Amino acid sequence: MTSALIYALTGAALFLIGVAGLILQPHLLRKIIGFNIMASGIFLVLVGLGQREGSVDPVSQAMVLTGIVVSVAATALALALARRLLDLTGKMRLPGSGEGMPGKKPDA
Amino acid sequence: MRDPAPWLILFPLIWASLAFLRGQGRGGRLAVAGLTIQLVLAALLAEQIASDGARSYTVGGWGAPLGIDLYADGLAGVLLLLTQIVALPLVVYARAYFAIHPDGISYFWPLTGYLLAAMNALFLSADIFNIYVTLELLGLTAVGLVAAGGGAGPVGAALRYLLVTLLGSGAFLLGVALVYGTYGSMSLQVLTPLINADAPAAVFIAAGLMLVGLLLKTALFPFHFWLPPAHGGAPAPVSALLSALVVKASFYLILRLWLHAFAPLVTTVAAQLLGFLGMAAILWGSVMAIRQTRLKMLIAYSTVAQVGYLFLLFPLITDTNPAAAASALQGGVMQLVAHALAKAAMFAAAGTIILSIGRDDITRLGGVSTRLPLTLFTFALAGLTLAGLPPSGGFIAKWLLITGASGSDQWGWVVVMISGGLLSAAYVCRVLRQAFLSIEAGTKFSPVSRVLEWSAFLLASMSLLLGLRSTEVLGLLESE
Amino acid sequence: MTLDLLLVAALLWTAVQSLATPNLFRGVVLFIVFGLFMALVWVRLHAADIALAEAAIGAGLTGALLLNGVGHLRAKQQSTLP
Amino acid sequence: MKGVLDLLVIVLCLVLGAALWWAMLDLPSSRIHLAEQVAAKLDASGVTHPVTAVLLNFRGYDTLIEVMVLFVALIGMLTQAEKGSQWLSAGYRPPPLPAPPFHLEVLQWLARVLVPLMILTAGYLLWAGAHRAGGAFQAAALLAGAGVLLNLAGLLPAWTTFRAGMRAGSITGLLFFVLAAAATAAAPHGHLLQYPAGWAGMLILLIETGLTLSLGLILAGFFLLLSAEASDGSDTEE
Amino acid sequence: MTLNESLPLLMLASSLVPGVVIFFLAETRFALRTTLNVAGAILKLLLIGYMLWGVVEGQSYVFRHTVLPGLELVLEADALAMLFVTLSAALWLLTTLYAVGYLERSPHRSRFFGFFSLCVTATIGVALAGNLFTFFFFYELLTLSTYPLIVHRGTEAAIRAGNIYLAYALTGGAVLLTGVVWLYGLLGEVEFAYGGVVAAMGPEYHGQLRIIFLLLIAGLGVKAALVPLHGWLPQAMVAPAPVSALLHAVAVVKAGAFGIVRVVYEVYGVEFAQSLDLLTPLAVVAAVTIIWGSLRALWQDDLKRRLAYSTVSQVAYIILGVALFGPLGTIGGVVHLVHQGIMKITLFFCAGNYAETLGIHKVTEINGAGRRMPWTSVAFSVGAFGMIGLPLTAGYVSKSYLTQGAEMAGMAWAGWVLTASGLLNALYFLPILYRLWFKSQPQAWPNEHILARGRKETALLLLIPPLVTAAATIAAAVFADTNWSPLFWAKIVATKEYLLE
Amino acid sequence: MTDLGMVLEVFLFINLLVALLKVTRGPTHADRMLAALLFGTTGVALLLLLAHTEGEPALVDIALALAVLAVIAGAAFAQRAWRGKWEGNEHS
């Protein structure tokens, strides 16, 4: 097993940790952190699998760079919206049921 | 232009950037001009596809797998044309709408431009990582448009939408990573034969992750929870764009991957599961639509239901006889097109009504039939399409889908489709019923511009006439 | 390989803790630390470009953005407290 | 209900995790090695660093859309920042920066030393990107970092409004990229982002420079827009 | 496109185009609107005249438009279609004139006449449909264009009635659609043809064909108001009188009945349907409907409701005729399609006149109206006699053919049903006539709108249409043996359906 | 040499982990932040070492960037902390 593959496996775990945080944590900042951890996990899988036979793979590295930029953009936008929501409602939680994302109906 | 494909992406990017340069609230005219050109380009591309078959375009001149390819087959041609056709009347509508009600105008034009660029790029893309990037562009622009409405409701809805769309594209990207890790390429053209030859477990998981990610974005039941507040809370032109086009983009991806690259992986069980979720969406969405008190929320829930309709396609095209599958596929695409036109018209009409009477309450629509007859007529025509009644495009879609279902002996789905149509008729009727009542004391109808009424009417009548001219659409769809 | 395994353990630990720790500020700081570990991972994967970006983003921008968010939250909570 | 849902999510995550690990450990070696193709075509790409070659040439189209994503996020933030605030009203002048309290003086001194260094480093990274790690995005991140530091030190006010100059600055680099792409697509026998032979290196450097400036402004904007104080907390709606 | 191809299309256009134009006319453009309406109706009648002659000469008028590969909209003018088209167009002209008089003071006339013309267009489409798909297409269009007419008044009651109508009609349409698509799945294309098109299917399909027949008849039966699917019809009475007239005599119920005729004769073929044992159950349903409708009519005090239940009963005569195996029954059923239309529209016109002139809505309020409104009452009496089936009325002609048909088909019980129904008809119509002519006038009419001026008991436009249709009721019987009577055409149809040529 | 590098790397890394422990333990925000800053410096050292052992000169650039950028997080903290807004307000 190459170390790249170990990192890929770690990436899968990080993805799931991030997803769980994104879904289960009610606080918006935690959700955003969860998203970032999820993204890091994916990037690790991408490069880890791409380089699992030991050779360096510039294509997967370039894709991860693109992905990082995208996730920064998303983080910034999410923070701006969360901040606005804080100004409007005084809470850093999603309105309505808000707690977990899926399942609960916003109008229930 | 020899190849309209890249220009369909570049044009909106350019006019959106110029609109941003000009400042807040500016750029409506640029948008109309840009979209007119895009419409011509899309028509040109459709013409080329219809006569010469599917087209490929190598970005950067490298070619897959090193470079990125654009690829436009009949399905992409239909969707590109549809996008520009729906968007053009909508931007005309939006100019008139924001002239009366400027909330949410601030960066509407650049965001709309980037939205269209993202959508065109997505329809043309033939590279799964590139698809991911376009998906993100699409998602963030859509979120920006929803959030621009301001107020706790829209901002909360936008944030929820953002988190869902990020989760969705995250799942998609993990799928991309697994596929790339397995085969070393991201080009769909290169991947298709490889997946056909041999698909290890990782590819199955990848396909599942990508599917779930896209389902989240398409808002299929039970992932629909984010859609009604986001679509119902945004300004009317935004709701129309989102409900008519944006959810279709991720559906288009599901369909394309299902039909081509991942075709060897799909199973009847998965198809039936999607069908069941579609059924649940139809029932749940319709019932919720019937129970809404706000007009735009009703329409938003109707989108949930209509998206469910699209997914009835999958059990009909998977492991069934070719004739039934072909008919069902045509029906699904017709449903997509008809719904896009009708839903855009419906949100636009609702926007006009709300602008005129200054509130969004279904039980207090009395008098709309006499004061805004054209708008109500627009609403009714759009409702006709949603309910799948002749002569609308929705009827042809339903006919084809039912033919597919009966041709493959899946009578359960016939019942679902038929009752779905009746349920849609029920919620459309709820609105019409109130609108036919006489004017309530205290309701004031402020005058609205004719542009608002006629642009919506144009969309609705297109959804209707589609029923009589569907051979053209299907002809384009068939060109491989 | 030893370094790799230590790094993996640190990554997982910081990730879980930054999400699970009850103190929000601690969570954010742990996330910044997570970013630094990520940068080291990229170095180990011979991805210098990504390491650079991760350092710039994780240690710099995202961290600052998140700290900023915590700050606003605190300010808000204090201003709304009686 | 909530507990059950949480449990469900966790169980699903565990199952998916197990499946992912098993699938990854079971992966055959891939058929296509893009790294070899990159190496083979590197000479024609105009740069010598493979990652930069992929980012700005082989898959430059991805980058084109990616920078748009970044920009769209900024627009999305602008729709929020300029709402519910008094900055839009005509005649509003931002209050002058208060005299720095003592404790900021150290920070300001630090910033005055570091910021030129950061700009220098950014320029270096941009230049280095052609043949080793570095490039537009990393350089831009450093530029933005400089902006953040200045703000933290009280030398640069938070952006309460987005002026025409900033608007132009944040879009110009991207627009240049788009127009360059359009030019390549419009050229006879040209394809989108197919740089004319011999011009690739030059064009990539130009595009990267434009991107660095615009991206720097955008990334700094992320922070500076967010660090603007809410009007005074009184705009809370129920 | 040759003239013969474009004629069916022109026929649709002659009501569609005025309809669409009228939508966009201002409320005050009274003269232009009326001119358009009448011009459209007259043009349509001229076209029909030309085509009637052509059909007798053996010309074929077929228009085809491909909607989908293998799926066509076909408009074809055959004898049966022409019979229905003629009825619709003639009654459209009369109803338009009547409606102009009736709605003189009410709002939203542009909307009303627009949908009115659309409704006629849909009816013409139903009549001319050359295949099952086209039939369904216009059948649903008819539902949609009548809904705004029913809710026209915008009152709670009207809207409730409209929604009930829509719920029934759309559900029926959905059931019909299932059957239609199923049949298309089996056959590929279901063009109407004399003698039917499904007989060629092997015995292994007979089970499916029976289910499809059930679906088709159930779907059509909603509009034809077969018991127990008739619930919407009495509710729809709240609509303005011209709408009720159109609904009952021409458009909606007839579209259902006409569809059943097409399905039994030209999709299944009467012999094949008989061999599948489908006709007897259909006859039973029709008989039950006849009796049930008549019984319910007995107890209605509201005049229009009584007429509505009478419609339920009378339309089932057509179905009964269809279900009687043998040409005589067919002739009786098909000719009743026309005869019932003429008679029932007379009655509704008259009911409208009573309501509009004197405010009479109930049977108990009608005492002595015969002296106040003699012409209207004469027309009403003729219509009522026709319904009962007295000699020298159109009703007599249909009933005699139906009775003979029942004997020929060996279903003597059907004859008894007809006789019983005649008695019941008499029971609920004769009291009205008695009150009209022999009871004394009350002190004051419930709500007198229009004063008698000289010999004009009411507005002229309200008076002429019922008189014309009453005259037609008698003429159809007196001149039954001539070459242009409905009976003559019904005989042509029967000859063709039984492939007797 | 490589062995020595390896040992040093692991040592520095353990240093990082100890700092990590401090970050999680607190007790004050200032402790945490200082520990995080220590991360920056140790990270730079580790990167320079790695640049040497792995033979990748580009890593020096990273060390440079990290050194410069680590200041920002510290500054962000400092700016907030000195305002005294949440000193002593330990729990969210």
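Letters A, B, C, D, E and F name the chains as they come in the text, with residue numbers starting at 1 for each one.
We adopt the following convention: a residue touches a chain if its C-beta (ideal position, glycine included) is under 8 Å from a C-beta of that chain, and two chains touch if they have at least 3 such contacts.
Since the model is a prediction, treat every value here as computed from it, not as a measurement.
**Q** Quick one: which chains contact subunit A and subunit D both?
**A** Looking at subunit D and subunit A together, the chains touching each of them are B, C.
**Q** By number of C-beta pairs in contact, which chain pair leads?
**A** Highest contact count among chain pairs: B-D.
**Q** Centre to centre, using CA atoms, which chain is the farthest one from subunit D?
**A** E
**Q** Among the chains, which has its CA centre at the largest distance from subunit F's?
**A** Greatest centre separation from subunit F goes to chain E.
**Q** Indicate, using Cα centroids, the chain positioned nearest the centre of all protein chains shown.
**A** If we average C-alpha coordinates per chain, B lands closest to the whole-structure average.
**Q** Measuring from the mean C-alpha position of subunit B to the mean C-alpha position of subunit F, what distance in angstrom results?
**A** 48
**Q** Averaging over Cα atoms per chain, report the distance between subunit C and subunit E in Å.
**A** 78
**Q** Taking each chain's centre as its mean C-alpha position, how far apart are subunit B and subunit C in Å?
**A** 37
**Q** Could you grab the centroid distance between subunit B and subunit E? Build each centroid from C-alpha atoms only and quote it in angstrom.
**A** A distance of 43 Å separates the two centres.
**Q** Residue numbers in subunit A touching 2 or more other chains?
**A** 8, 13, 15, 18-20, 23, 45, 48-49, 52, 56, 61-63, 65-66, 68-70, 72-74, 76-77, 79, 81-84, 87-90, 102-103
**Q** If a residue has to touch 2 or more other chains to count, which residues of subunit B qualify?
**A** 129, 133, 136, 140, 143-144, 147, 151-152, 155, 178, 181-182, 184
**Q** I need the residues of subunit F touching at least two other chains; which ones are they?
**A** Expected reply: 58, 61-62, 65, 69, 72, 76.
**Q** Hey, which chains are touching each other here?
**A** Touch list across chains, by label: A-B, A-C, A-D, B-D, B-E, C-D, C-F, D-F.
**Q** Using the touch definition from the top, list the residues of subunit A that touch subunit B in their complex.
**A** Against subunit B, the touching part of subunit A is residues 8, 15, 18-19, 22-23, 28, 31, 35, 38-39, 41-42, 45-46, 48-50, 52, 60, 63, 66-67, 70, 73-74, 77-78, 81-82, 84-85, 88-89, 94-96, 101-107.
**Q** For the complex, give me every residue of subunit A touching subunit C.
**A** Residue list for subunit A touching subunit C: 3-4, 6-7, 10, 13-14, 17-18, 20-21, 25, 27, 29-30, 32-34, 36-37, 40, 43-44, 47-48, 51, 56, 61-62, 64-65, 68-69, 72, 75-76, 79, 82-83, 86-87, 90, 92.
**Q** Of all residues in subunit C, which touch subunit A in the complex?
**A** 1, 4-5, 8, 11-12, 15-16, 18-19, 24, 27-28, 31, 34, 38, 41-42, 44-47, 49-50, 53-54, 57, 61-62, 65-66, 68-70, 72-73, 76, 80
**Q** Enumerate the contact residues on subunit B facing subunit D in the complex.
**A** Going through subunit B, the ones touching subunit D are 3, 6-7, 10, 13-14, 17-18, 20-21, 23-24, 57-62, 65-68, 104, 106-107, 110-111, 114, 117-118, 121, 129-130, 133-134, 136-137, 140-141, 143-144, 147-148, 150-152, 155, 178, 181-185, 190, 194, 198, 200-202, 204-205.
**Q** Touching residues of subunit A toward subunit D in the complex: what are they?
**A** 1, 5, 8-9, 12-13, 15-16, 19-20, 23-24, 45, 49, 52-53, 55-59, 61-63, 65-66, 68-70, 72-74, 76-77, 79-81, 83-84, 87-90, 99-100, 102-103
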